[in-house]
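You will see two complexes here that share chain A, one where it goes with chain B and one where it goes with chain C.
Now for the complex of A and B:
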């Protein structure tokens, strides 16, 4: 029988692994729009970790800021500087 | 291609070394000071303690009672930092007048979905902010959630639709009203014979915000702080989004106009 606390911690560990993969994809992707989506995915994984670690106050501020406002601001930036990193394909 | 492997290797190295260090007690397995936990214990036990009215914040939410009562001045200056950043943005974009011309927006499906969900997000935001002294959440959380509504409206209905309902000046006014409200709640105790940021009556100064209003627990000043903070944060973030997502041409024109005037 698996203890409930281990299920919760396993969920956090899974989210942590997911966040590392998403971070790698966000950093390495040359398409900035896709990088932004990976970044939001990483934020979602962090939100789950915060929830498991019993920090609901942080979750409530992290979700709107990291999934709503931050992508919007970065999106405005991408619109200005072009979608692709490194010259070709960009404006 | 080599740089991709380098990035992957460096991320992996940071993760492995950090988790190794934490697992083997880099953050300290023993707390260094003798009685450091007693402070945290005092905060948690005194957050809601009707039997000890001179020391309690009268709020079952320990985080909010620390944020706005025990460590209120900290939060005041954190708010100052946030609004310093917002004022900086508004100053940079000062020449911009977001036009109230209503654009096409997205498809009818997206607009209908947004019209249904926007009031629901707003209701959740209000619940987070106004129950901040009872359940997890508070002014900043509620305000940030409310700003998402403005974002959803901006994306699905167009910037002009948002501006025709909430102009730049009105957003600035709402933000200022929120900040003035916070200042007023902090200073009212001083005027009425208490100390700055006082919530409940203390041994040496008897001023007290009402802990109950009409039988409902309102935790004195905490409800008002959360209310005004959510107003200020929602208006401030909406203003920032509105300015940052203005069309490129409008921004260019505003910046160029300034330079011409100076020459």
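Now for the complex of A and C:
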């Protein structure tokens, strides 16, 4: 028998592990567009953690900001400064 | 809380610590300014998640969960408020994080415009070649 507290905390732990993987890939990837997508994936995992930790009003603000507006802003920036890290896009 | 729930909570906490470390590494060691911006956003999100974790509370009993700090039963009177205060999580960190998310968006847009002007002036966003 699985208790609801274990289901909720297990979902939070699963999202936390997923966010660690997404953060590592976002920092280590040399393609800035893929790094941005991994950053949005990390934000989605954080939204699930906030939902499990009983903060639904945070989720209502955090999902449009961190998965919608913030990638749009950085995407417009990447389009102008070049997509790849290491001097290929700039110079 | 038994040992399994404690270990699940510790997984969440140590994942947040690991995210802080990885994001700090990205801010300090990556030469690209856009990568620094992405890492700094992850760092601020992790700080917000720590604040939410501080405001959380343990389950009152295995059957009933803690509730969000929203009073849904308006006509319940004093008993409804007392029952909410015994079960709800702390609303103060949630109010602070709600403000911090919006301010973080404004800071992100400001830093993006600064990076764009840097690119127009110097022709690159790499820190090591623009000395």
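Basically, the second predicted complex is superposed on the first by the 87 of 91 C-alpha atoms of A that agree within 3 Å, B and C clash if a C-alpha of one lies under 4 Å from a C-alpha of the other, contacts with A are read in each partner's own complex, and residues count from 1 in each chain.
Going forward, a residue touches a chain if its C-beta (ideal position, glycine included) is under 8 Å from a C-beta of that chain, and two chains touch if they have at least 3 such contacts.
Please read all numbers here as calculations on a predicted model, not as lab measurements.
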Touching partner for A:56 - first (chain B), second (chain C), both, neither: both
Which of chain B and chain C A:7 touches, first, second, both or neither: neither
Which partner reaches more residues of chain A (counting touched residues only), chain B or chain C: C
Partner chain(s) touched by A:72 [first = chain B, second = chain C, both, neither]: first
Contacts of A:27 with chain B and chain C, given as first, second, both or neither: both
Common interface positions of chain A, toward chain B and toward chain C: 20, 23-24, 27, 56-57, 61, 65, 69, 73, 76, 80
Contact footprint of chain A on chain B as seen in their complex: 4, 7-8, 11-12, 15, 63-64, 128, 136-138, 140-141, 144-145, 147-148, 151, 155, 237, 240-241, 244-245, 248
Interface residues, chain C side, partner chain A - complex: 4-5, 8-9, 11-12, 15-16, 18-19, 22-23, 25-26, 30-35, 37-39, 41-42, 45, 49, 52-53, 55-56, 59, 62-63, 65-68, 70, 88-89, 94, 97-98, 101-102, 104-105, 108-109, 112, 115-116, 119, 123-126, 129
Chain A to chain C touching residues, read off their complex: 3-6, 8-10, 12-13, 16-17, 19-20, 23-24, 26-27, 32, 35-36, 39, 42-43, 46, 49-50, 53-58, 61-62, 65-66, 69-70, 73-74, 76-78, 80-82, 85-87, 90-91
In the complex with chain B, residue positions of chain A that touch it: 20, 23-24, 27-28, 56-57, 59-61, 63-65, 68-69, 72-73, 75-76, 79-80
